[in-house]
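In the two complexes below, subunit A is the common chain; its partner is subunit B in one and subunit C in the other.
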Partner chain A sequence: MSDLLELRRPSSPLIRRRGRASAFLKEFGFGYVLLAPVVLYIVAFQFYPLAETIRLSLFDYSLISGRGMSFNGFGNYKELLLNDSNFWSIFWNSLVWVLGSTVLQFAIAIPAALVLFNKIRLRGLWRGLMMVPWVSPVVIIGIVWKWIYDGHYGLFNHYLKALGIISENIVWLGDEKWVWPALLLTSAWKGFPYITLMMLSGLTGISREMIEAAHMDGASAWQRFVRITLPMLKPIMYATGLVSIVSSWTKFEMIWALTNGGPGYSTSILPTYLYTNSFVYFDLGRGSAIATLSMAIVLILVGVYARTFGRNLE
Partner chain B sequence: MSRGKKRFAIGTALMALALAVSGCGSSGESGNANRASGGSAEASAAATGGDAIDWSTVKADIRFVYPGTSEAEKELAEQFKARMKEKYPNINIEYMYLSWTDMEKKLSVMLNSGDVPDLTQTQDVTNLVRLNGLEDLNPYFEREGETLKKEDFLPGTMEYAQEDGKLYAVPNLANSFTLIVNEKMLNEAGMKLEELQTWEDVERAAAAMTKDGKYGFGYPLGTARFAFRVPFTAAYSNDLLLSDTSEGSKSKYLETLQHFKNLEAYQPKAHLTWGYPEMFRAYSNGEVGMIAAGTFFTANVYSINPDIVNVSRTIAYPKGPSGTAAKAPVSNVGIAMFKDGKNKEIAWRLMQEWSSQEFNSTMAAVVNVTAIKSTSLDEIISKAEKAYPKAIEGHKTLLNDFSKLLGESGVPMDKIPGQSEMEVVVQEQMVKLLTDKETVEEAYANIKEGIDKIKAKLE
Partner chain C sequence: MKESIVRKTSNYLWLALLMVFTLLPFAWLIDTTLKPDSEMFSTVPTWIVSSLTWDNYRWALGDTGLQLPRLLLNSIAACGMTALVTGVIACISGYGLARYKVPGAGLVVVLIVLAQMIQGPLIMIPWYKMAAAFSLLNTKTILVMIYGTLTIPVGVWIMSGFFRTLPNELEEAAAIDGAGKWRTLLTVMIPLSLPGLVSISLYAFILGWNDYQYSLILTSSISAKTVQVGIAELMESMGSTNWGGLLASGVIVILPIVVIFAFIQKYLIEGMTAGGVKG
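Moving on, here comes the complex of A and B:
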């Protein structure tokens, strides 16, 4: 009898906790099991290497100096920020690369999306063809454009001369004045289809009735675009811009294929500088410091972007 | 930190950096070598020079890092693989084809992550030794009954593979940097090859060849490695090592920079962005008359235009104003194995096979000059006829030129710690100098500052 009473008595805190845990596992356990591989992957291949990179950036560690590994505090950062004559020019190059690529991609993508949104003949085909640069491997595109820009045999010079625009070949990738426009054009060509695609999806979501109502009220095409279409596209432009900034920041292969970041470091960006220091000069401490700074800078950039463009999106 | 932990940490850090640069890329070629046996071969072979092993039963997958990217070099590699398969049926060779430029980067990651290949071709072993990657081959050479002897190699070639008395590679080819001249263009410009004795003569020849859309000289400035190599080659003939920024060498340095400044007028503007492929293409098409290249010349131009081989000659880069004589720096292309390789005895066996008359003569037929004394010149030429049927006469002439210049003007090539970083410094300043953005003195001052900083860092 007493045993039965004991069983019916309200459970102890430990049993209650066990009961809650059991109920929780019953309700969410399977979901956590499904999530576990991804979480483990992120911890193992994202967070741990990240932490390890930050740790290594605090060491003087060159694989070929023969000195071994020694704690250096913020020595690598101090060296980069205060004594490295290349670092700040490379930092500015990175900003030019990211902002220039993103702005240019939008400048091409928005008109392209508007054209491809209209009921033009063979619209599906044009939409498919538009995606070709985006789905092609970056290195292949880099090599093709390198040939196009070639100062001796290049197609670009050939056609510009044929059209009478230039009389003498320009060494596009070797000329201080032209190298950045050439790089940005290539980057924009490669990246604009993605933004066009996103804009197309945004345009699909805009109410036709609203546009027609504005039309009925006498709004011109430009007014309809500026007052209705663009504001309605703002949320998707914001998200796409964010992705574009981050992907341009790490789009290292394009510059590497076109100029190797040179001559010298004149077209290097932080990821190419990181690659050179780590895998060409084998200075892992310095390379890690560049990686950490690069990560911090892109976070700041994204933060500024979010504050500037991320408000009033509703 | 224990060795295993340290390696794990370095491997992770490298992986983290790689992820930071470009995301998680695949590396199909690094696959999982199935190392079945070979381990049993190691112990017994150490004392006997490998004779006690029944090689027909030894099993292994051997990974061979092979930076021969021309068609002829790839064919040679495949021939070796097939022949070894016949001889050792259970040994599979898996090549990792990479360019010389990419090879060291790949190896650094592989070594530090413990994913060590078995064999590699080498030129400058300095960085691989500093990465603690290569096996000292002295004990292997010293074993009784070994077929490969140190005295089998041409003088100078062995030294290039040594560091602190240890030998890290078996030299296969003598590799030399020289001046390649389109003799036909030179003659048409009114000069003879024998007249190219000094830098002034080179400038004169370049000027004479520059006409009708053709240029006298082609210096590839677009890739740091080659932007450094060309003045490095010329500087030897001015008794200067390009990393020497001492006060005593200043005048030689200034002369070297001035020489390239003088040549600039006789080069296509596009050379600012050229690498070797563009330089070889322009030379092969008869658009430039002289390039600084080397023993690997025929392999690189034959597929573009075989006829160019028949009109090409090679000489040591002529004497500079402060030089005592024309000099050609000689290094080697060799084969090496890794300290932490799991199939070292098999690797050594394959290195011996790779260095045998059969393959060394094929290699020399493709890439020109053997480092092994016993390799027959007749056999090299007969194999070259198969490799370069459309240009065999020209190729024979080049072989003779190389043999002659190596004997008369060959000097051991110096190994420069931190060279990769110095290459970028030199490239940057050469571009500024040749595009009139700075004077010779300013270029020198900036090169000196950059190189001295790198030296201080590595001290």
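Moving on, here comes the complex of A and C:
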């Protein structure tokens, strides 16, 4: 047996390998051809630019200085972390923005999902209408809400005054104190439908029998919700929360459309700061450093999130 | 019996509250655009339109300000092309992902999921640099290319979900009939998943249409910039002086999206939630 193998070995590896390769190609070649377009696209147009962002962050690269590109090590980072008085307040703003809008979106989405899960007439229509804020363009949403928040003619002030909550008009987007609640409300309004949709699909998986049984045993609506519905929704809430954190971290459009990061830098978050540095001051090296830092921070955030909430999932 | 009536009423009350919260801004948007300036700028806002006017829409579509028709054409061209490209790639690669368990397919799934997070600010600067190097700034081509980052990963993902719902016997039957692999895909699988494919293409159209960040950095000339950029610029330059025209332009830009969404929402929601549950 072993002699036979010994005899064959010198002559055949090449042939055998070729044979194996062609068998491999025959079996999987078509599959690779099919997958090639998406893999090539995302590698060339998403993963490569990501790596390029990290590389550029190590360069002194400003389009208006006229100095061209030169290697700068961690200079951009040092500048941002140590000498930039805005950076840390912008960093905290980003956390407020991400956590605030995610929490608020869930706070609206869970009751909304429960309402839309009930047996109601024309349920499909209501579910569709609920999605409209989510599919609407953010620029237009920004303009509509600016008009609603307007300090003189706005609907928001009008209703709050009618309800007796405020007595004087507030310039919502121009006031350092009130601009954040206003931004978060708009962001929650735009983002909650997606989470509601995910919650609805989670609710569909919960057995009605279990809830009925609890009902028979005399559990109140609130007990049923807290003891049965909420724990069953946990896995999908976990996944959706993750998506929501990452996507609000990387998006600057909503803030840009509503306040341009102002007044001053009071509503700037890392993505808007990146935009200002790269495409207003054309300091691409510094912009890349902000992008890289913001990437590192979101990874940490996701790690903390996974440790805190991912543990009790089966 | 009594309890169920109480419960029903409260269900509908909550539903009404939810709908008011969701739709009030849109109602106010449309209401405002139908008013003349004198009514719009009243310190006590009112829903009643006492002298209905179309002037705001006339201004929006006319050529005094924004050149909205031109910008709409730009957006339609760029997003239409994006829809087409996304549809083709979603079809081919989605099919591969659903049916061919090649070595490394798991890695491809991971890449596609990660790619959905590699967006916007994280890749903007190199894109700008590339666009400048290939003199593609201010072209619709670069928009179609970059919109793929928004549409292709998610499109492939959802499409593979649709293909998975089709039974394997279809391909086996086609193979027995002597159809090759490409022919099976083109003449058997694609026609059967056509509703899903159309939904994904239209969803790609919506995503492109709603984009602001990419067209903001890559286009500025009238020959390429999109409606979103045009309207945002208008907001900055004359915002508080011409709310009516601005808001009317907004209605014109939202309308096609809502109509398209109404058509595709059933399939789209199915596809999105299926992917979400699988994680």
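The rule is short, and it goes like this: the second predicted complex is superposed on the first by the 301 of 314 C-alpha atoms of A that agree within 3 Å, B and C clash if a C-alpha of one lies under 4 Å from a C-alpha of the other, contacts with A are read in each partner's own complex, and residues count from 1 in each chain.
Going forward, contacts are C-beta pairs under 8 Å (C-beta built on N, C-alpha and C of every residue); 3 or more make two chains touch, one makes a residue touch a chain.
Treat the numbers as computed from the prediction; the structure is a model and nothing was measured.
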| item | value |
| --- | --- |
| Combined model on subunit A: subunit C and subunit B, fit or clash | clash |
| First (subunit B), second (subunit C), both or neither touched by A:Phe45 | both |
| First (subunit B), second (subunit C), both or neither touched by A:Gly262 | first |
| First, second, both or neither for A:His152, with subunit B first and subunit C second | both |
| First (subunit B), second (subunit C), both or neither touched by A:Pro271 | both |
| When both partners are placed on the shared chain, which of subunit B and subunit C touches more of subunit A | C |
| Contacts of A:Val103 with subunit B and subunit C, given as first, second, both or neither | neither |
| Touching partner for A:Leu56 - first (subunit B), second (subunit C), both, neither | both |
| Touching partner for A:Tyr281 - first (subunit B), second (subunit C), both, neither | first |
| Partner chain in contact with A:Ile64 - subunit B first, subunit C second, else both or neither | first |
| Subunit B versus subunit C as contact partner of A:Leu173, first or second or both or neither | first |
| Location of subunit C clashes with subunit B - one stretch out of 37-45, 109-117, 181-189 or 217-225 | 217-225 |
| Intersection of subunit A interface sets (partners subunit B, subunit C) | 45-46, 48-50, 52-53, 56, 150, 152, 250, 252-253, 271, 274-275, 278-279, 284, 287-288, 291, 294-295 |
| Subunit B-touching residues of subunit A, taken from the complex the two chains share | 45-46, 48-50, 52-53, 56, 62-66, 150-152, 169, 171, 173-174, 176, 250, 252-253, 259-260, 262-266, 271, 274-276, 278-282, 284, 287-288, 291, 294-295 |
| Footprint of subunit C on subunit A - complex, ascending | 28, 30-39, 41-43, 45-50, 52-53, 56, 108, 111-112, 115-116, 118, 120, 124, 126-133, 135-148, 150, 152-155, 158, 189, 193, 197-198, 200-202, 205, 236, 239-240, 246-247, 250-253, 256-257, 270-271, 274-275, 278-279, 284, 287-288, 291, 294-295 |
| Contact set on subunit B toward subunit A in their complex | 9-10, 12-17, 19-24, 104-105, 108-109, 112, 126-127, 130-131, 221-224, 227, 268-270, 272-273, 278, 282, 287, 417-418, 420-421, 424-425, 427-431, 435, 457-458 |
| List of subunit C residues in touch with subunit A within their complex | 11-12, 14-15, 18-19, 21-23, 25-26, 28-29, 32, 40-45, 88-89, 92-93, 95-97, 99-103, 105, 108, 111-112, 114-115, 117-130, 145-146, 148-149, 152-153, 156, 181, 206, 209-210, 212-213, 216-217, 228, 231-232, 235, 239-240, 243, 246-247, 250, 253-254, 257-258, 261-262, 265-266, 269, 272-273, 276-277, 279 |
